[in-house]
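The structure's right below; bear with me while I get my questions together.
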Amino acid sequence: MSASVTVLPTANAPLLRADGVSIQFGGLKALTDFHLSIQQGDLQGLIGPNGAGKSTAFNVLTGVYQPSQGDVRVCDTKVNGRKPHQINLLGVARTFQNIRLFRALTALDNVKVACRAQTALHQFDTGLVAKLKNASHNYADWWRALLLTPGFQREERRLTEQAEHLLSVMGLSHRRDEEARNLPYGEQRRLEIARALGTQPRVLLLDEPAAGMNTREKADLMVLIRKLRDDFKLGVLVIEHDMKLVMGICEQITVLDHGETIARGAPAQVRSDRKVIEAYLGDSYLESHGGAA
Amino acid sequence: MQTPALPLPESRPLVPPALRGVLPVLLAVPALVLFQWALSGSEFASYLLNVMGVNIILAVSLNIVNGMTGQFSIGHAGFMAVGAYIAGYASLQLKEVALSFLPVAASDQVLFTVALLLGGLAAAACGFLVGLPSLRLRGDYLAIVTLGFGEIIRVVVQNTDAFGRALGLSGIPQYASPSMVFFWVFLVVLAARRLAASSHGRSLWSIREDEVAAEAMGVDTTGYKVRAFVFSSFFAGIAGGLFAHFVPIINPGSFTFVRSMEIVVMVVLGGLGSTTGAVIAAIFLTLLPEGMRSLFGALGTEGSLAQRVDQIRMPIYGLLLVVLMLSRPQGLFGTREIWDVLPKWLSRKGGGRA
Amino acid sequence: MAQLLQHLINGLAAGTIYALVALGYTMVYGVLKLINFAHGDVMMVGVYMGYATAFALGREARGSLVGVAAIFAVAMLGCALLGFLFERFAYRPLREKPRLTALITAIGISFALSYGFQLDIGFLPGASPRAFPEIIEPTEWLIIGDRDVVVWNWQVISFLIAVGLMVGLQYLVFSTRFGQAMRAVSWDHRVAALMGIPTDRVIALTFMLSSGLAAGAGLLYAIKDTSVSPLMGLYVGLKAFVAAVIGGIGHVPGAVIGALVLGLVEEFVVGYAASSWRDAVAFGFLILVLLVKPGGLFGRVAAEKV
Amino acid sequence: EKKTQPTPSGEAGTQAAQGQPAGTGGTPANADTILLGQVGALTGGQATFGISTRNGIELALKEANAAGGVKGKKLAVKVYDNQSKPEEAAQATTRLITQDKVVLILGDVASSNSLAMAEKAQAAGVPMITPSSTNTTVTQKGDYIFRVCFIDPFQGFVMAKFARDELKLGKVAVLQDNKSAYSIDLSDVFTRKFKEMGGMVATTESYSQGDTDYRAQLTAIKKTQPDGIYVPGYYSEVGVIARQAREVGLKVPLMGGDGWDSEKLFELGGSAITGSYFSNHYSPDNPDARVQKFIADYKATYGGVPDALAALGYDAARVAIEALQRAKDLSGPAVRDAIAQTKDFPGVAGTVTLDEKRNAVKSAVVLKVGDGKTQYVTTISP
Amino acid sequence: MSEAQVKTLGERQAFTPLLAVDGIKVHYGAIQALKGVSLTVGMGEMVALIGANGAGKTSTLRAVSGMLKASAGRIQFGGQDTTSLKAHQLVPRGMAHAPEGRGIFPNLTVMENLELGAYLRRDTAEIRADMEKNFTLFPVLKERRNQMAGTLSGGEQQMLAIARALLSRPQLLLLDEPSLGLAPQVTETIFRTLRDVNKAGVSVLLVEQNAHLALNSAHYGYVLETGEVVMAGPGKALLESAEVRRAYLGE
């Protein structure tokens, strides 16, 4: 049973779009009037000081938080109020700032969990009939697992192959059967990306993928992110504090401060923006990187 | 968790895929027939095996919610009660009915199975109801709701005339036999293992590990949690139904929260998430009190202390739980299965001697 | 009207006892996230300690203020010691282990105590209930009408003690260094140690406090309902736990209010509806509260930042 | 015989145990021991009853062995706990029958447990005598199941009659234990009979075994202003109920059944319970020498006045022993037939004659609770 | 012992030992994380500990601060043997540890977290002053003083952890990857602060992924590889060594 996603990318609608999204926590405006649009092949950056609202933006885009204003659209379909798993099924995957792997599962299983989700039938109608149909389908699907139907076995094999493929893409094949919690930090980060890719996304959101990596690993990661974008035909949005990485790979960068978008543009442009330097980069960055290129 | 990897495509499977699903069942049936034949005549062993089987079903099914999904349910006895009373009541009503096209014994077993399924389904429906709050509640709060639900079921039974109130239901035809009970044991273990190794099982594990991440990876966590509850309570209902058909009388006192706790103990002792662990813990804890009886029986039948030995079993049981948990805090096999662990133990032992 | 008032008083009196037991649950849960299933049974042991002391003192002495103080002191200190031992040998070794593990040892201890006390070997009391001696001579504190409404001295005493303890605990937890340490330990005992907080000692003390409190509660309970039995901890413990959850487990005033509310709900179900449905209504009420407020009346479900 | 004082047949017991090769469970009756079985609640909610019964049985066996045993053999009894749960009772019974191969089974007290046992005993053809299960259905399980006590319909009738005729009560309230089949049954019968006799039952409230606070129920009962309260529960709760009844200002007499009978009642109820009435199997006041000797012996061994359960346990064991003596051999049918023929057996709790339904046809006594002891009031016959 | 194989690059400057770790081993179950690590931190010195992921940096810090028990080896702190002391016993002796993962109390407010940092101190007035000093270092914390710490952004949490550690007025500050997840500017600030703190007399043992930054600020550095110290030397010297440049700076 393969995916029957009801939402398909149309010619020029962006894959993921935020339209004037705002969210508050108590009195704190974590994100104000946030706009963003990601197309296939994009590699965008999201930067800003700590607490600027970057992770919050991710959370709104993926349905963890509901925006108090504005819309989030996936391929022109409004997804406000949808649950995270539903948004994921529409093709938006993410990693987390603090690694959230399934710690006791093997590397392979971590990826297979994600692959699995795409094989389920999903219906986004909310009508009672649709819900019942959906529910009965879900229960029936368990039966296939219990009876080990040939179709189910085939499917499982396909999942395994798919997951193994993703592990090898991320250079993790040698860790296939190790529990995620026993992997070194850098590999855990990569495994998170592999897992996100398992959900067959069209848009990939990476929250500080290079945190905790040393300079060499960061360099490798830069190559990898570009490669993923090309091979998997993704739109990618990266949050990162490592300017070398952001400036090195992103084509467009959005800068947040106190929840507001203070700048947007190509790296060179952003880097020399006075407001960005004041709020985020600091003068020393200018000094050590020789100012605007 | 180390789910055995599926055979790689190049290694030609021994069994054709179409058969793999049913083969174990086909093998199990004759084995159980033999088993039944071997047991004939040993009443006590049969009774004990029945009790053991029911405990295994309860432990393995609870393990699906508590161990695999990481939800914390302590009201399993409630689902068992639903199964026991519904199935028992159905059998009582059908007692005089026989299917004319079948020999009496076969007809009884067919009706028995129908009653069991009715009980299981009723329990599953309750499981659905209890699963719903799990959409909103976490951890210990969910636990107390399951406990409360179990107690409510008990009170309802206790106030229902059709269920015999405090006296309970007696005269339920004693259809259950070890072969029947173990057929269900076999089914629940097979189902649990297959579930655990399937993509659905992996989704459950992922919920246990990190709900937020699971949701973000496209796992419908609420749906899975409810389904885990339904699945688990279905088997608890079956266990209850079997119970009602070999225990001469069922009454509300057999389904208190203490009973639920005993099942939780089995699951934790076996290792949360380990199906074989749950099986072995259930066997061990069923035999323990009876074993102590045999042990103390050696003291003779006279004298004040000898008369009291049966009273001492329960305090000792309690202390033993403490000792066992202290010596193996992760449970018997952790989250693994016996075949993952045993070879290592054996080789370590062997290595030590060499 | 008079009847309503009487029910109200009865309900509050029952709730008061639940409250005291619930406070112990809540405290231990607070620092360890452990549902101490043996809490009710520790209470039971405390009551038997008080019972034994009362008899050792003899009829005269136990009625006096000193006698009562002695009975409470022995029971509470004895239970504090018991709590210390359990924490040291049954829970501490499991602190870094999965949470359910300690729950199982708690269940084990609960079984061992409640079944052990049913034996009649040695000092163990045997299964039959005993009458608890009247260490506080019951007298009417307030009488309305022709004994339409009666409030007894011990009801007032227990209520005051419960409120006093609640206020004291609240002060302890929120306004003392020990309380600060307790709260730190409750959130993360490993990090708390890095702040210089002696976590082992804090946890042990919390256990002792909670067990001592249980003994005190048990004695008030025995004074109120006059009987003592090995299984008494089971029911009271369960109800108190429910009360703690209704209030929001880990929350001190919540435990007290949850307990009073539960006491009243039970009383009114029995008084004005069907007494045989009391437990079902109590649990139904619990579920309802949790569905509306998933963290109990006052508890909050910790926000998790993603 | 006296020199092996503590347990005359102790040697026989140990011999039996040693005689068995290790591994075979249990100690089946060997050449010189006849093994009986008892299943009782030794732990759990009904533990106190099981323990009393066990004491009574133990005493009867001791006496019988001292008097030379049965058919030249010593008697021994194997006691298993059922944790007050029917499934455990069934398991223990099965074990007694198939592993220990007992010739006869005694027990249990609570009817739910006895029902479970009866099923197993009947199926295996092993005679069973319940000392004190009063629920009608127990002996209906088959021809191997007997009891040495009267049944609930009779007991309920006794108290209804007493309340109407002797106490001249018009309106009563009932307070029953909802967890006990026994209590519910008695309450139903009483209510029916009392109404038939022209009385009125104002309200029926219930509690659960193990509760200790009954003020809510009693306050509700008080509102109906009854002339008396029928509390067919166990003494473990009744004592406290009496105290709280007085506390809420209910001064009317309380009435109950055989579940009240225990020395502990006086302790638990204090002065509040004095002046109440209950129906019972026997009265310790009975001047009959046999009764007084039993009481004296019991006091000497266990300390304390035996309650009805001890008395019935003692009677059940003695009925069994007497039947074993009469039986032509120790096979199930022979023993069954012998028991069935029990007639005018002089028990301490009344004369036992088993009717064709295998129930003892006995009269009941009504006792009044006095200060620290009961006073015989009247005897009511079926 | 593996000390023999340690490659040292140059001499250490004026040095009075404050912390001396001698051949400690640490196990997690069957996994051996440290295979005999030795290092020293001098009075007033800032020492950096670098190494790949999983090299055992965090484990070393944990063993030093008493969060973990070393199965072999000795630890001396301030002239006393502290090998068997627990974490809470080391705090009053002047050690503060800002652990990996920050270890803030998520359900306490920022202010309460800071107060806990000063748990063992009773000099209320001084605490106030220190608190203010902290707030000037990290103005965000002042803004957020009443927010639940768990809802702070990653960087804010890191600042809180460091500020809290400083509030115990330690002699030795153990920091586990303080720059993790921080904006470049904040990282700058934190390292500047660290240097100030260090100048004021607090010794620092710093674990960092960012080898460049760490070695630049540190007087002395150690390189850890799979549970063993493989190289040691003055910070600048390490920074210039070919091995370090290749393995950790990606050059």
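Per-chain residue numbering starts at 1, and chain names A, B, C, D and E are given in the order in which the chains are listed.
Definition applied: contacts are C-beta pairs under 8 Å (C-beta built on N, C-alpha and C of every residue); 3 or more make two chains touch, one makes a residue touch a chain.
Bear in mind the structure is a predicted one, so any value in this text is a computation, not a measurement.
What chains do chain A and chain D have as common neighbours?
B, C
Given the two chain pairs C-E and A-B, which is bridged by the higher number of C-beta pairs in contact?
If we tally the contacting C-beta pairs, A-B comes out ahead.
Could you please state the distance in Å, as a whole number, between where the Cα atoms of chain A are centred and where those of chain B are centred?
Inter-chain centre distance comes to 41 Å.
How many Å are there between the centre of chain C and the centre of chain D, using C-alpha atoms for each centre?
Centres of chain C and chain D (C-alpha means) sit 36 Å apart.
CA centre of chain A versus CA centre of chain E: separation in Å?
32
Touching two or more other chains, which residues of chain C qualify?
Touching at least two other chains: 115, 118, 234, 276, 279, 304, 306.
Could you list which residues of chain B touch at least two other chains?
158-159, 212, 308, 311, 314
Do you know which chain D residues sit against two or more other chains?
In chain D, the residues touching two or more other chains are 42-43, 45, 47, 178.
Run through the chains and report each pair that touches.
A-B, A-C, A-E, B-C, B-D, C-D, C-E
Which chain C residues qualify as touching chain A in the complex?
306
Which residues, counting only chain B, touch chain C once they are in their complex?
66, 72, 133, 136-138, 140-141, 143-145, 147-149, 151-152, 155-156, 158-159, 212, 257-258, 261, 264-265, 268-269, 272, 308, 311-312, 314-322, 325-326, 329-331
Could you please specify the touching residues of chain D with respect to chain B in the complex?
6-7, 9-10, 12-14, 16-17, 25-27, 35, 42-43, 45, 47, 54, 58, 76-81, 83-87, 90-91, 94-95, 97-99, 111-112, 115-120, 124, 135, 137, 178-181, 183-185
Which stretch or stretches of chain A touch chain E in the complex?
25, 28, 48-52, 55, 97-98, 182, 184-187, 208, 211-219, 241, 243, 280-282, 284-285
Quick check on the complex: what are the chain B residues that touch chain A?
1-3, 5-6, 9, 17-18, 20-22, 190-191, 194-195, 198-203, 205-206, 209-210, 212-223, 227, 230-231, 335
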